[in-house]
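Multiple structures follow.
The following pair of complexes shares a single chain, chain A, combined with chain B in the former and chain C in the latter.
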Partner chain A sequence: MRDRLLYIAGGLAIVLIAYNLAQTAAQPREALFYIPLAGTAALAAFTALAASLLFLGSRNFQFDSLAVAVTEAGLAFSAASIVNGCFLLHAATGRWWNWDSRLTAALVCWLLYATYLMLRHAVQDPTERAAFSAVWSIFAFLDIPMVAATIKWWRSVSSLRTDWSGARLWNLVAMILVGILLTVVRMRQEEARRELDSLRRITHAI
Partner chain B sequence: MRFFRQVWVVTVKDLRAELRTKEAINSSLAFALVILLMFSFAFDPGADTTRDIAGGLLWIVFAFAGTLVLNRSFARELPNDCLDGLIAAPVSGAALFLGKAFANFLLVLAVQLVSLPIFGVFYNVPWTKQFPELFLVLVLGTWGLTVVGTVSSALTVNIRLRELMLPMLTYPIMFPALLGAMELTAGLVTGQPIDAEKSGFLKMMVGFDIIYTAVSLVLVETILVG
Partner chain C sequence: MTAVTYGLIAAWAILVGYVLTLVNREKQLKREITDIRAMLESGQASSAALPAPRD
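Take a look at the complex of A and B:
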């Protein structure tokens, strides 16, 4: 049943994106994606924060799996958004990186969450790993508004438009569907890995 | 009151241990000098354009030299299981963290106050003109660096690649405070006061310090005890 829901979500996302692309032939089509991608990444950051807080409150490892799954999905989305923005600005200015304030802020936030994954890989003990990465996720989330503000003061130029037309809103829905799909798949992997770990430990004990 | 006494005891203990061995502060100072010298090879030290970016360079030196001090903060407690002793002691995790952060803060600030005159001589900048403001920026930036760095130090103490992970964790989080410190210092070392346009960076640094100190005090128990 869960699998079927996932297939439906994925199919729906494809249909939505295809419909949007067919509807808006006039403007550069890449411009329809970077805002929904960034929006989905922001939603992923919120979810990661919630999952980390819930883990620290309950010590339920499912929340830890959710946190890592949604962080990885968010990193993929924000990377796609940054690359998309680079392509748009390259078409307009001929340079790949213009120190556009929004893209720079997105890049710093991407690095923040990349350190989260690095910390995870470095810590061996599973309980410690979950607790440490939950703490770091909270740290990273708190930094996002400050990063956005300082970069805006440092360099206020941004030529990327951020208006939400109808097609962009529908693309956001599609991207969120894809995000949920990625997160659920990754979360299952993480749960399976934890189960394997515990089985391995039992066999060692025997 | 007891809390502050505990903080004081931990700070004094850390400072005493460091001043007896001088393992972190010596390497940090030497490192700061080497980078200051290397920057003058990379950029023409006499040119006016170099003077404009000198404030930014200075904070790169401070951040790099600072992590050498921060790396030792918790790693120093590993031999003889001192860390377990500290955690088992009737001291709250917050007091332990704050004590260590204060000790690190004083050490990093000492390194900065030594390298600042050398920097002034090398690059011929009038850094003494706006010294009170410059000192305020130094204190705010260093406190941000030590709070985030001490937490990272506690997180990475049992990791194999500890020395590598600490700067990787600290610098991206430090970004708002570091950018603010660079922008403000760049003007201050050349003798210009902080104008209204840049005062936002100062407020941001104060906010950064308060937010991360508060969150670290709440979460440090989780990191140390689990």
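Take a look at the complex of A and C:
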């Protein structure tokens, strides 16, 4: 059942992406992809926050798996939005990076979440790793409102309008579908990794 | 091609790169789980084949 739902979501995402690419080719607009990419990354950060809080409350490792999966997928979307933003900046000013407030805030956010993944590799004990990661994820989320605020506080380079209509809305839906797919696949991997760890422990015990 | 199109290609290249990383990791995990399971099964089989200790 879960596999079937995944295939349906994947098929829908492919159709939407193809439609959006055709639309972009016909009428290239700068904010058509940048904002949905960043929006999906922000949604992933919010989901990671919720999963981390739920893990700390229940100590259920399913929430830890969800947190790491959604953080990693969100990091990919965030990286894509930053790189896309660099191209837009280059088109507007001729420079690849000029410490534009939005790009800088997004980069700081990306670095915070990248640290989350590094922290997971540094801690050996699974329970400690999950707890430290959850606390770090909550701390990292504090940057998200700042990223959103920079859009209001400093209107720089190009004023991207955030009206959620037409192609931009469908782009957001497509990106969220892709994000859900990536998260589910990554969650399964995290569960498989946990199984591998328990098998290793059995091997050592023998 | 415009800068917008290049930006779009770059963004999708990152996402495709991440998908390829996931696929690669999945293969590696499956291989490791299969290896350890096979190792455990062969270990159990060899311990079962050992003669029972005498009184």
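The working rule: the second predicted complex is superposed on the first by the 177 of 206 C-alpha atoms of A that agree within 3 Å, B and C clash if a C-alpha of one lies under 4 Å from a C-alpha of the other, contacts with A are read in each partner's own complex, and residues count from 1 in each chain.
Just so it is clear, a residue touches a chain if its C-beta (ideal position, glycine included) is under 8 Å from a C-beta of that chain, and two chains touch if they have at least 3 such contacts.
Everything numeric here is computed off the predicted structure, so don't read it as measured data.
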Exercise. Examine A:60 and indicate which partner it touches, taking first as chain B and second as chain C; both and neither are also allowed.
Key: neither
Exercise. Could you tell me if A:87 is touching chain B, chain C, both of them or neither one (first, second, both, neither)?
Key: second
Self-check item: Most chain A residues touched (candidates chain B, chain C)
Solution: C
Quiz prompt | Set of chain A residues, in rising order, touched by both chain B and chain C | solution = none
Quiz item: chain B touches which residues of chain A in the complex?
Solution: 56, 108, 111-112, 114-115, 118-119, 122-124, 127-128, 131-132, 134-136, 138-140, 142-143, 146-147, 149-151, 153-154
Self-check item: Touching residues on chain B, where the partner in the complex is chain A
Solution: 148, 151, 155-156, 158-161, 165, 168-169, 172-173, 175-176, 179-180, 183, 200-201, 204, 207-208, 211-212, 215, 219, 222-223, 226
Self-check item: Contact footprint of chain C on chain A as seen in their complex
Solution: 21, 24-25, 28-30, 32-34, 37, 72-73, 76-77, 79-81, 83-88, 90-91, 178, 182, 185-186, 189, 192-193, 195-196, 199-200, 202-203, 206
Quiz prompt | Touch list for chain C against partner chain A, complex | solution = 2-8, 10-12, 14-15, 18-19, 22, 25-26, 29-30, 32-33, 36-37, 39-40, 43
